[in-house]
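This is the structure, below, for whatever I ask next.
Think of it as A, B, C, D and E in the order they're written, each chain with its own count starting at 1.
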Amino acid sequence: MLELRQVDVYYGNIQALYDLSLEIEAGEIITLIGANGAGKSTTLMAISGILVPRRGEILFKDQEILGIAPNLLVQMGISQVPEGRHIFPALTVSENLDMGAFLRRDKKGIEDDRAYIYELFPILKQRRNQPGGNLSGGEQQMLAISRALMARPQLLLLDEPSMGLAPLITRQIFEIIKKINKEQHTTIFLVEQNANLALQVADRGYVLENGRITMQDRAELLLANPDIQRAYLGI
Amino acid sequence: MSTEPILSVRGLTMEFGGIRALDKLDLQIYPGQIAALIGPNGAGKTTFFNCLTGIYMPTAGELHLSPPEQPGRRLNGLKPNQVTEAGLARTFQNIRLFPGMTVLENVMIGRHCRTKAKIFGAILRNPGTRKEEKETVDISMALLAKVGLADVADEFARNLPYGAQRRLEIARALATEPLLLLLDEPAAGMNPQETQNLTSLIRNIRDEGLSILLIEHDMKLVMSLSDYIFVVDYGRKIAEGTSEEVRINPVVIKAYLGEEVEYA
Amino acid sequence: AATPIKIGVAGAHSGDLASYGLPTLKGAQLVVKDVNAKGGVKGSPIELVLVDDQCKPEAAANLATKLVSDGVKAVVGHICSGPTKAALPIYRDAKIVAIAPSATTPELTQSGEYKLFFRTIASDDRQARTMVDFILNKLAAKKVAILHDKGDYGLGLANYSKQFIEESKQAEVVLFEGITVGQVDFSAVIQKIKRSNADVVIFGGYHPEASKLVSQMRKKRINTTFVSDDGIKDEAFIKVAGKDAEGVYATGPTDTSQNPITLEYREKFKKLEGTDPGSFFDNGVAATLAIINALEKAKSFDAEDVAAALRSEKVDTPFGEISFDEHGDPVGIGFNMFVVKDGHYHTAE
Amino acid sequence: MDVITLKDCRKALIAALWFMFLTFPLLVIKVNTTENLVIWRWHNLLYVGVAAGSASLLTSIFRGLHDRKREQQRHQEKVIHISLTERFFSNPVVSRPVLAAGALFFLIFPLLFSTYQVNIMTTALMYVVLGLGLNIVVGVAGLLNLGYVAFYAVGAYTYALLNMHFGVGFWVALPLGGIMAALFGILLGFPVLRLRGDYLAIVTLGFGEIILLVLKNWAEFSQGPGGISNISRPGFFGMEMSMATTLNYQYYLTIAMVLLTIFVINRLQNSRIGRALFALREDEIACQAMGIDKTTIKLTAFALGATWAGLAGVLFAAKNAYVNPDSFTFLESAMILCIVVLGGMGSIVGVIIGALILILLPEYLRAFSDYRMLAFGALLVIMMVFRPQGIVANIRRSYHKKDSAP
Amino acid sequence: MEYFLELVFSGLTRGSIYALIALGYTMVYGIIGLINFAHGEIYMIGAFTALIIATVLNMYGLPLPAILILASVAAIIWSAAYGFTVERLAYRPLRGAPRLSPLISAIGMSIFLQNYVMLAQTPNFLPFPALIPDLPFLNRFTSMVGTTDLAILLVTAIVMILLTLMIKFTRTGKAMRATSQDRTMAFLVGVNVDTVISVTFITGSSLAAIGGVLIASHIGQINFYIGFIAGIKAFTAAVLGGIGSIPGAVLGSFVLGLTESFATGYVSSAYEDVFAFSLLVLILIFRPAGLLGRATIEKV
């Protein structure tokens, strides 16, 4: 589905990713774990086309997508829940959801999805006419995830979806991730600090250290790996 | 604990238009305590901090801070900077550093309310000012060392990774010499390893005599650190007690923790 | 060849006020071309040093020192009164004669501070006097509305007009207002004129504002007589205002359009630029002719001598034969009232 | 990789055609409605086409070369790229002699050049003071002020009026002008305390206009548009001075003023107050949460910035011996703002360079007379496009390394 | 009473003149947060283009309504083209640059365009043909409202309504709002941010062109400098109404126009701008985000 080959990404003159290669099969859930500043968010931004790698190739469904404008990538089926939520602060909750479905034209489908999301997160329904900027941190996170779901992506990039969420909701979010992966066959690329949970839902995992992939394996093997346990699982 | 509470809040209510984010909240924090405030998303925790620190004007309620030398200082109606001067310092849920300033400068800003150099002092650079300036740098560097950021002191704050930014916010808040430190989700965006480091950092800070009130969704951190926990939901306090008491409280489990909790 | 004699030409040559400065510049160039063709002054050719002050006082002061360090013998300029005020102390200290084609503030000459300053235009008070006499005696005005553009020139004229009218006790000033230059719409002030029941409007200022005012007044069917100053006595005013210009009065130097010198230079200008010269062209030509004449006749090029020559020697200019009084004001430039009829200015009876 | 690719050529062609279309009515047809004339200037179309095409090609080539250089650098593994200016200022061996040479140049400037040159240099230096003052407000505290020239006017009129009515001399008026301007700064500061960003900009612009209008209309007070002339020039122990000496004296006076400004502002920036101002720019709420009183610090910023404008104003009145409202229009504020941004916000050296370029350049562009302002406008755009952070990007001081050095 | 009404109409005329320019200001500001100082120049270019085309067509003897329409269309086309080009050349490369850099670029553009038109055409005022014919039935009211005043009022009202509807309900409108709030995120939901910004400039510039034709007909003369002064006032009006808000720009313009009109009518026109700006300060003290502007939500 998605393949990164030897990608280098820079911020100005500072290199953030080194020779990064990874791939995701259609229908898979993979996770990328790594310490703060390892370059996880950078990787997602490069896939979404916001950052343009200086070197390397990115293929989506066997098509080279490097240099394609971010909005076209959304059209091709890549959606992202960015780090820091990025809610449109002056749009209401409901309008934020509309923006998620910006490229869709099936009115009916949009309404169904909206209803589905209000079912998942009743608090959003309560707050639907309130500006997104007024929501609490966790509510915003729910809104950000919902907004990405509204696009019905083929590939969903999630950057720390559980950040700031109450334990109950966190678990709920991971259920939803599994569910849409199963029911809608959405491929999922999950970046998560809560590596424990992430590896539990993921099929495979990559470990990123200082901008380099240092390990990759099946999720359950990574979970069992003592190095990983010490460094990322806090066991 | 039998001493006077360092912070006491009575009947705190905050309304936004029709939404009641806080509803007659009462709570006391005693010196030397690490207290935690937990609750579902949108329960009003951050709003509580905002009311305490003068960023929002509460609809009703009494806020008192009791520094040893000036017991019962009323916080209502103070401006944010006066609250900080009175001895309350905070971090923000959405990090708010001074991104275009260096790490060291960020901490030095925290010293602002504890120093006094005026314009003329700054221009003339008299010995008093120079001494004060040196102290500011020394104290700030010491704080950076404490949170493990001394070697990036000259980096721009915006270039730090997320976790480091959170620690920098703590150092900056400490620089204001607070009596009570308010931390809003300090562990958000940290991996378990980093969270462990944070845990010991917070404990160290307490051991130096500060009181701490923290908001956090990472139950492992909350349970292992807190001396006392307040649980809020819909702006109301639904439970309080030690971690053991709270953990098994069915109301808390239902509203917040969910079933099958297993936290060390 | 003999070393050229330098004469500075200072004024607004670019920017939005260029239309007041460029005619003088062109006039000076045309005159100098003729003079040089005839062998120059006392055998030396004239060289013009052009400086563009954009009617900004501080630029004028800087450029005045430039002219001084360039060693000019005299300056034709400046165009606006403010820059002239800023530059004159420098010319005075450096002992250089300046002759302005269009700076009209009375105090420039009347203060007696600048003995080396001359001008080829009547000062505001004389112009206001002409205007007031005309509206009181010829138009028999009883109620007068006075407007101005808040500028040095316009406000000066408005103030003198008000003073003269009040002194005469023959009429009453019913409105005294400053309007904002460049404003998109003057209807409020026009309603105010209407309400004041004035039978004459005096406007101190320049033609763009005047034509807007007149057009908008006429559009609102307000036919109050409109009287203004030299700043609108310009064909451009008539062309912009079109039929609304009919019947508008403006003061200006006595009509000398049949004067051979006037004809000659206007013709030359037209040949060069393809258009009629703008305002103050005649004044610029006159100033240049006067200064060159004085340089020719003076004992030496010392400022005192040149100034003395300006005062004593008569010179033929587009305004006829003129000289200068002890203050530096022109003698021989008459002032008249003109009226627009059939798309042209005619001397008003 | 070729220097010019086919794609570049196509781009150039499109650019040429587009600009020919764009400029068609204005450049080709010239109407004179007063004369009812229409002149067709088809040749202009050709010029525009050629110019736009070659400009496009040149940018492509430039960009190509730039990319190639970058490519090479990458292969050389980690050439740490530090900007030239940064390298310059961080290396005292290079920067000290250059700075010393610069200082010497300014010191002997009047000996080398004509009085006119000295005079415009004096003007430019006055703008350095203005730029540095505005820099406190805009560059350091981040409060966009579009009416800065009002304070300049306050200073100038303070001296002019005091001199006219009471014969107050330059040296007495200088501090008074600064103080008056500071008071006006606070006066403006109060109502705008709650405003943010560009709301502030428009209010300050309005404030500038109000001051200007009062100066123009309230003739009893300010002498109206006619202005005030014959202001005493600065004295030097009552000595009589010739024209040239006066100008030179004023030059050195201004130099002294610039040095004082640099000294004070440099110290201020690196002080408790300066840091608070920076913090205000970065994040107002966090700033308050750190115990900084927003009200005081904002007013301080306005007052500090205004003071320098006031001082420069007194200097201006003394230099020209004449003031009128025309010197204090919005364009003047815009010019000072351009100095600050073009030079590099928050950087003292940048502001100095910015002022020298923006004030001296139009003087030397006078040769192009008509095209001068056209070129000036284009230059502002081009400079911003190629160097948006300004000529000298601001470098923050490192405190602790310096303190730990012997 | 009649005097009062006359002042009201005079204020409304002036207000709608400001509004036509203010709308473009507010749109551009709303989307990229830039005070587009060159916007006044776009309006001026619109007026000049109309003048040029009208004069040429007049020589070919076309009837007045045809000239009016063709000249307006030409003005819109070229103003839009200039607006588009200015954004591409002077603002787009500056995305992500420090906040004030585009402002300086805009000031530079403004100076450039003024001088460009001055050099290409003339520094002098040119009479602008009366393109809008006088409607006879209005004769009875001419002391209050003339044909051009009425035309300007009507056009302003129509334009405001259309724009508001567009921004509220169309996809482009939604994309504009999203882009203005968070450009990265707009990209991430599939908005073509570059196109949206270009469309905004084109729309704003077209409005300025319409304004140029109407206002120039009203004043009866133009030169290269008209854009600057009108631009500053229009910008003030946009801020007064709450910058970024379409109805706000119109309301702000009317408030400003009426204030100036009453200030002139009942006090003195010498200080009309003082009144205008004092009102601005006063309103902003009580409503820091302008009359209809929503206070920026800052949740901490």
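Note that in this section contacts are C-beta pairs under 8 Å (C-beta built on N, C-alpha and C of every residue); 3 or more make two chains touch, one makes a residue touch a chain.
Note that the structure is a prediction, hence the values are computed from the model and not measured.
Engineer: Sort the other chains by how far their Cα centres are from that of subunit D and give me the top one.
Structural biologist: A
Engineer: Among all chains, whose Cα centre is located farthest from the one for subunit E?
Structural biologist: Comparing chain centres, B lies farthest from subunit E.
Engineer: As a test of whether you follow the contact definition, which chain pair has the most C-beta contact pairs?
Structural biologist: Going pair by pair, the biggest contact count turns up for D-E.
Engineer: Could you tell me the distance, in whole angstrom, between the mean C-alpha positions of subunit C and subunit E?
Structural biologist: 36
Engineer: What is the distance, in whole Å, between the centres of subunit B and subunit E, each centre taken as the mean of its C-alpha atoms?
Structural biologist: Whole-Å distance between the two chain centres: 48.
Engineer: Averaged over CA atoms, how far is the centre of subunit A from the centre of subunit E? Could you give it in whole Å?
Structural biologist: 42
Engineer: What positions in subunit B touch 2 or more of the other chains?
Structural biologist: Answer for subunit B, listing residues that touch two or more other chains: 46, 55, 92-94, 96.
Engineer: At which residue positions does subunit C touch at least two other chains?
Structural biologist: 15, 150, 178, 236, 239-240
Engineer: Spell out, as numbers or ranges, the residues of subunit D touching 2 or more other chains.
Structural biologist: Where subunit D meets two or more other chains at a single residue, that happens at 32-34, 217, 285, 370, 373.
Engineer: Using the touch definition up top, name the residues of subunit E that touch subunit D in the complex.
Structural biologist: 29, 33, 35, 45, 48-49, 51-53, 55-56, 59, 74, 78, 81-82, 85, 89-90, 93-94, 97-98, 100-105, 107-117, 119-122, 124, 126-129, 232, 235-236, 239, 243, 270-271, 273-274, 276-278, 280-281, 284-285, 288-290, 296, 298, 300
Engineer: For the complex, which residues does subunit C have touching subunit D?
Structural biologist: Against subunit D, subunit C makes touches at 13-15, 50-52, 55-58, 61-63, 65-66, 68-70, 81-82, 85-86, 89-90, 93-94, 105, 107, 113, 150-152, 155-156, 178, 235-236, 239-240, 275.
Engineer: Which subunit A residues qualify as touching subunit B in the complex?
Structural biologist: 14, 33, 35-38, 83-84, 123, 130, 134-139, 141-142, 160, 163-171, 193-196, 230-235
Engineer: Could you please specify the touching residues of subunit B with respect to subunit D in the complex?
Structural biologist: Touch residues, subunit B against subunit D: 53-55, 79-81, 84-85, 89-90, 92, 96-102, 104-105, 108-115, 117-119, 121-123, 125, 129, 132-134, 136-137, 141, 153-154, 156, 172, 176.
Engineer: Can you tell me which positions in subunit A touch subunit E when the two form their complex?
Structural biologist: Residues in contact with subunit E: 48-50, 69-72, 74-75, 79-80, 82, 86-91, 95, 98-100, 102-103, 131, 133-135, 147, 151.
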